[in-house]
Amino acid sequence: MTAMLLLIVVPILAALVTPLARKNPRALAALPLTVAGLSTLGFLLALGASPLALSSPFAGPFTLAFTLDAWRLLLLAFVCFFQLMTGMYALRSVAGAARPALLVGSLLLAFGSACGVVLTANVFVLLIFWEMFLLALYGSIASGGEQAERVALKALIIGGTSDFLMVMGLMMYLLLGGSPLLGQPVRIAATPEAGLVAFVLIFLGAGAKAGMFPFHTWIPEAAEVMPATGFAALPASLEKILGISFLITVTNQMFILDRRARVIMVIFGLVTMFAVLLPALVERNFKKTLALTAISPVGFMVAGAATSHVAGIAGALMYMLTHATYKSGMFFAAGALEAKAGSARLEDLRGLGRAVPAIGWGFALAYLAAISMVPTGGFMAKELIFEGMLHRAPSVLALLVVGAILNVAVMTKLLAVVWERRPVARPALAGCEYVPALLLGVAAFFTGLVFAAAVPAFELKVGPAGPGGLTAMFNHVGPLTYVSLLVWILGIALYLVARERTSSPAEAFSGLRTSPATAGALRLAEEKKLDWYEVGVKVVEWLTRVVFRYFERLIDVVADAIVAGGKAVSGPALSAVHNGVYGNYLSWVVVGLIVVLALVLM
Amino acid sequence: MTLLVGCLVLLVVAVVLLGLFRDLLYSALALAAASVLLSVVLFQFGANIAAVFELSVCAGLITVLFVSTVSLTKDSDQGVESRLPARFLLPMLVVFAAVAYGGSHWLASYLTAPAPPVGAPASFAEAFWGQRGTDVLGQVAIILAGVLGVLAVFRAKLAGGHHD
Amino acid sequence: MEGLVGTLFLTPLVGALLMPWVSKLGRRAADAFVTLAMVVTVVTCLLLLPGAASTCTFEWLGAHVEVDGLSLLFLVVVNGVGLCCAVYSIDYIGHYGGRAKFFSLLLLMVMGLNGMVLVRDLFSLYLFLEVASVAAYVLVAYNLEFDGIEASLKYLLLSVVATGMVLIGISLILATTGTLGFAGLRAALAGGAASNPVLMLAAGLFVAGFGLKAAVVPFHAWLPDAHPSAPAPISAMLSGVVIKVAGVYALVRLFFGVYAAPPHVLRALLILGLLSMVVGAVVAYFQTDFKRLLAYSSISQIGYILIGLGIGNWFGIVGALFHVLNHAIFKSLLFLNSGAVQYRTGTRDIREMGGLENRMRVTGVTSVFGTLSIAGVPPFGGFFSKLFIILGAVAAKQWVVAFLTVFFSIFTLGYFLYLQRRVFFGKLNEKWNELKEAPAAMSVAVVVLAATTLLVGVFFDSVLRGLIEPAARVLVGGN
Amino acid sequence: MDLQTTALAIIAVPLLGSFLIPVVGWMRKGKLTGYLAVALIGAAHLMTWTLLGPARAGQVTSFKIPFYGDLINLSLTIDALAAFMAFTSSLIATLIAIYSLGYIEHGDHEPEYYFIVTLFLGAMMGLVFSTNIIFLYTFWEISALACWRLIGYFREPDYIWKADKAFLVTFGGAVLMLLGFVLVYAQYGTFEIADLRGKTVSAVALVLILAGVFSKSASVPLHTWLPDAGVAPSTITSLLHAAILVKIGLYGFARLFCNGLSIPPQWHKWLLAVALGSAFVSACAALQETNIKRLLAFSTVSQIGYTFLGLFAFTATGYVGALLYIMAHGLAKGGLFLCAGIIEHGTHTKDMTKMGGLFKKMPVTAVAYLVCALSIAGIPPMAGFFSKYFVIQGMVNGGYHYLAVGAILTAVLTLLYMLRSFHTIFLGQPRGESHHEGAPVMVTVVAILAVMTVLAGFFLPMPFALAKVAAAQRTIFYTLAGLWR
Amino acid sequence: MTEAVLGLFFAGFLVFLVGVYLLLSYRNLLRLVLGVEVLAKGVTLVLLGAGAHLGMTTLIQSLIVTFIIVETILAAVMLAIIVVCHRTNLSLDVRMLSRLRG
């Protein structure tokens, strides 16, 4: 029991004392790994204690309820693993950040609150941890220095806005009879209008956390400016895990979806998937490309969750875990390479994987997971999502396939860049810089095995899966297997075709920038015309200026005008009649007497 | 009765003449005349002592005071007076007479039965000293105020500023 | 008790008589003597206080005076403020000269006012009104500058018309009832006053006549000239006391004590009160002369009192009488403040001042007390009187009156804040860097008044029970 | 001491004790007046601790000291609402008084400053316990006149005018309110709130009373005096915004209409609309403002609107939310204004566009500012989140979904302007000359407020329990199904 | 009411009105003093009328005597002020005495 809370409390406390260590760089660098060790210890202790539940009243619906079950253990395992990797990577990289103490503090806070999100059994407490996570995100982006501050603000505003929406949804959920406690699911039909609105609001909040359209726009920008450590830990992995697993909680445990709700979800999923694929194809920055490709899988997962089918949902969950693993691995790789090359441009990173084989192989293994190759977890996940979607909407399945193909093309391009045959000096790298990338790559490759072993945990989350269980759904060769094959072949072929026309793999697909069909859309995206946040801020600016000038300030102006007008009308006239002439005054007396007599005698 | 009416008419005439005269002294004399006529009226109603007061104080003292003031301020703007008031006095007199006539008759219609005087004083002395002793004190006070007031007004003004 | 009433009545008169001789002994003797005389009257008032609910008479040489609750309230006001003004004058009057005459006239004015509230006869009321008035005419002109003389003449020339009207009214009443004593009149008028047109005509003449003395719009025009032009202690007496006694007391005594509150008259009072309140406040806003602003505000406050009377129910009358007390205190205070400012700076022009509080702390702080009280900010006294007036208006379902009363208290605060802003509060005008606080006696007087205005508010219940309610009970005969 | 004596002492110590301060200041110059003020205010605060236990147990102590007839009595009630307000206000006021020791320069007007600050708190304490309308009004006005003197503390002509404006607007509203009270009196014949429980208020009286409440609590359109009052010393603005003044209107409403008179339900939604409009308009204004103190003032107006939303929802949750809001906003806004004071001291400007990059020079202030700003914006685990949550939940429970959405949108604006101000002031390139951190006592107080803002979130159950008791003591006590699950 | 009394009232009212008219229309301060006196005459007549109506001549006599004294004191004070006014180099034209205004 205490072990469970240790996972939450230790990192948060450590985060609070981090500022004290800011004068000592070594202690600072060692802090994340130390805490990660403690957390892992806590996890191991919790492993023995599972399952258990803990509840204590706090205020209103904010009952402090925590639960530990198989599914949560699985998630915790991943979180702890990430935490260890991050801690290891941080040993060296922290010193390179513009604001090291802030980075370390944010990382610790992020892991602590992530464990909180995983462990809590109360939606409202989850929300609190979630917001603490948001603060950690803000801090970790801002640790990138001055140019990162703007992005940090953007991330915080977007996150805050979506969370406010979710709070609203949760309130309506409560009012409709929903319970804040996840352990005793009271599912609310999304059918009546209020239910649908509540669902959509919560869905948007959960999706926003994972980086779903339209709340994704800060992610590519953050990738550029924030330290790779932070990006690998937060937007690339933890955020997705927390967001999608909560999304599944919403769709599975809190609401009963109807067709409308599912359509809404699918639309959001597809838009998310395709919105970033085009920019990802032509992007020239390695980290930004990775960030963009971290968004479209979210669409894939949302679509999976939208199926309301055991297979689709389980697929989404598996995809989520796989993606978090390989993407953080890729990011650690990118960070290490960038640190050496002094740049994150694809052009400058060409062939570095060959020069640092540990990273190169780690990246390659991660690539396999990314394109859902057998036997990685990605393969199982994609298979299940296709399976689920086949049950719901085969037409959407076609779109998913297209998205998957493009994704494969982008990934292949990155792999080709890293492994390009080119004479490169072998840079000196400390072990702690390349080991995380390698380990994560390996882990990504073996996710399939882990998932196969952890099927009961998934089933705990998604519910019973009929005869044969989940295993039966991906453990066979059927039409969908051929679809997967098709995806690989077409994706790689697409890349090869594009590669043909250019001098280096980094330049592949750059023809799209000039092609009349796509150039316009890309330019709009570049100028942030399609960025919901930037447009929204402009609209808000305009709206508030109107309200301020033409309503708020006007109050004073009008009040002053009334006073001045009253003065101008009443005072001078009344002052003027007091002209000091006796006869005048006496005549008032006479008139007054007549009036008084009239009043008295009438 | 005739004497009374005559006196009253003359009184009004004197007052009107007071208004019409250009020369201040004539006006003052007209006022004195009015006072004399008033004292005759007072006599007729048996208010002997009041009549004497009216004659001596109003017709005499005030006229003297007035005339001396006129002479004290002789170099001043005697000619400021416009003839406007005199011009309108006579027409206005008709209006005033109408109002006064209507008023007095209206009054008469309501003042039909005089309340029987209760404990009416037998003599002036009793009335003055016995019943209206408060007024005696008041008179002392007002005379004192008048004397001190005149003295204060004619005091030597302190030269200099406002600081002690 | 009888002796006390007599003391009250005669002390100022004797004091005024003796003053010229006492002053021969020197300046300090005159100061001490006038203070002593006023202290005696004040102490007498205080000794009478416990018997406020009963009536107490005094007969001497055929003079007949009486004290009841209503008289006592006004006596306290007259003599209390009189004492403060007398003390204040000790230092203030130095630059005018004629100390003994000034004190004598001041005492005579107090005598006249005391007489007015003590006598029980309509004609005597008139006579003592004239006593106070004659003293007031001279005192207004006391500086012998153009403004004093001009104001005094206009005051006098308007007043004689008013007293003429009052006398005609008295004649009519006398002719109708055959008596002038209040008790007799009350008996004679019982029940029939409102139906007798002659008596109502007389009532109208009284409203106009005493209304002029109380400076009710449209009979007010003399006040903004006379009050500012007088020496400050006299302004304080005039605004704080004279208009109350000569105007309000007479009206109250007549229309509630004698006439039994005829509704037509009350309506007229209400309308005149509203008019005064509005006109006074609006014109006050445009004044650049410190004391003239205060004078117009007096007109406005008299309006409040008349509104309370015009409403005519228990709350209204209590409010009006309480406001008489409060206004006497805070308006005297403010006039004395203005006097202190004028004494030091030599000007009354608000535009030339600024930040005086930094140099004249006592004057500044006490003026804040006055400001807050006049605007009706609790816990100062002015609040409670206005509260009762509003309560009365609402109880009488006079919504418009209630609203206007409330609205114009905002207005009042507005122009007094303007005054504070331009005169006391704020950055010190360079010109007045060398300014000093007013002399001790002046400061003592204002501090006493400021403390009183706060204490009257804080202990309003005692004041109401001990002073105001007995007075109101005289008027409406029981709660 | 029994509760009666304690309550009387809580009122009397600062209210009467304040009069010692000018005397002391007159006798000797120096810091003594400041220490005396801290002692008086602190003593009042410490005494409020003894009220918390009985209040949390649901104990209501009422007593009446007859004053004038059956009209005006000194009636005091010590219930959960009163204890909550007394505790919160005096706590923040104590901290502000301590901060003043470092902030107020030793000048001519120092005794006056401490005198009026103490008087101000005394008036607040009196207001909190009074349940006779006239006494409530009296203390209400004492606070107005105290704020008049304090806003004009710097004596610049323009400042004085703003002080006058504040006084005029609040006084004007208050006298209209007084008229409303009198109308209530005319209808029900009493000024005792206890006797008015459950009586329906008439439309005219309600509008008049709300004029007073809104002008005091600076709600649109009667709010413009509050941003203008930013010319006062920062301690004073802090006191006005966080501890005392604007809370008076809120408290007054809670006392009058949640624990006394009742408002017909068909008017609730209009009240909510007005409060929401106020919150929204001022949030817009805050987004456009570049003067730090004006920005914070507009933010106060907006948060006051929020608190009103909680009260106007007339649900238990909303009521609890409003009370928590008073506390959370008090702590956070107090902290923000005191931060602004440090910034102003350090940079000699209030214009945010002339600041920037201050984080390095004043890290403690910056962190405190951020924590308080996040609390205002409603980000957990800061206390501001919970209060905002309960307010909106109260509205949702009351059935006002659309208005709740409006409230959410306003919260987004709040987040935007609060963080933007933090970025403009503390982050980015340094602009202007060199700056320095505030005096130790000032920084300490600011840090304490920031820490308390966080701790109030962590230890929410304590104030929450008290607020819940207060909600149960309301006139209309009803719970919706499943409210407190 | 007897006709004599009626006559007194009539004359009193008339003289009073003329007095008010004189006060209203004259400018010279000295003439205004006369106007005041005329007013007083009117008042005396009305007082006498009231007394005559009641047949209380003794009472009314004492009132009139008092009134005459008041009237005289007023006239004296007023004349004294006028002299000072003249000495202070102020105009005796009451319309010129209008420096206090507004």
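In this document, chain identifiers A, B, C, D and E correspond to the written order of the chains, with residue numbering beginning at 1 in each.
The criterion applied here is as follows: a contact is a pair of C-beta atoms (placed from the backbone, for glycine too) under 8 Å apart; a residue touches a chain by one contact, two chains touch by 3 or more.
The model shown is predicted, which means the values in this text are computed figures rather than measured ones.
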item	value
Co-neighbours of subunit E and subunit B - touch as defined	C
Chain pair whose interface holds the most contacting C-beta pairs	B-E
Centrality ranking, top chain (CA atoms only)	D
Centroid comparison with subunit E (C-alpha atoms), farthest chain	A
Maximum centroid distance from subunit B, chain identifier (CA atoms)	A
Centre-of-Cα separation between subunit D and subunit C, whole angstrom	42
Between subunit D and subunit A, distance of the C-alpha-averaged centres to the nearest whole Å	37
Length of the line joining the C-alpha centres of subunit A and subunit B, rounded to whole Å	103
Centroid distance [mean C-alpha coordinates] between subunit E and subunit C, Å	26
Multi-chain contact sites of subunit A, meaning residues that touch two or more partners	575, 578, 580, 582, 586
In subunit E, residues with contacts to at least two other chains	12, 19-20, 23, 25, 32, 40, 51, 53-54, 56, 60, 63, 66, 70, 73, 77, 81-82, 84, 94, 97-100, 102
Contact pairs between chains, per stated definition	A-C, A-D, A-E, B-C, B-E, C-D, C-E
Subunit A residues touching subunit C - in the complex, by the definition given at the top	567, 570-572, 574-575, 578, 580, 582, 584-586, 588-589, 591-593, 595-597, 599-602
Of subunit C, residues touching subunit D in the complex	355, 358, 372, 375-379, 383, 387, 390-391, 394-395, 402-403, 406, 409-410, 413-414, 417-418, 420-421, 425-427, 460-461, 464-465
In the complex, subunit D residues that touch subunit C	67-68, 72, 108, 134, 137-138, 141-142, 144-145, 152, 155-157, 160-161, 163-164, 167-168, 171-172, 175-176, 178-179, 182-183, 185-186
Subunit D-touching residues of subunit A, taken from the complex the two chains share	57-62, 127-128, 131-132, 134-135, 142, 146, 149-150, 153, 156-157, 160-161, 164-165, 167-168, 171-172, 174-175, 177, 179-180, 194, 537, 540-541, 543-545, 547-549, 551-552, 555-556, 559
In the complex, subunit B residues that touch subunit E	1, 4-5, 8, 11-12, 15-16, 18-19, 24, 27-28, 31, 34-35, 38, 41-42, 45-50, 53-54, 57-58, 61-62, 65-66, 69-70, 72-73, 76-78, 80-82, 84-85, 88-89, 92-93, 96-97, 99-101, 103-105, 107-108, 111-112, 114-115, 117, 120-124, 126-128, 131-132, 135, 138-139, 142-143, 145-146, 149-150, 153-154
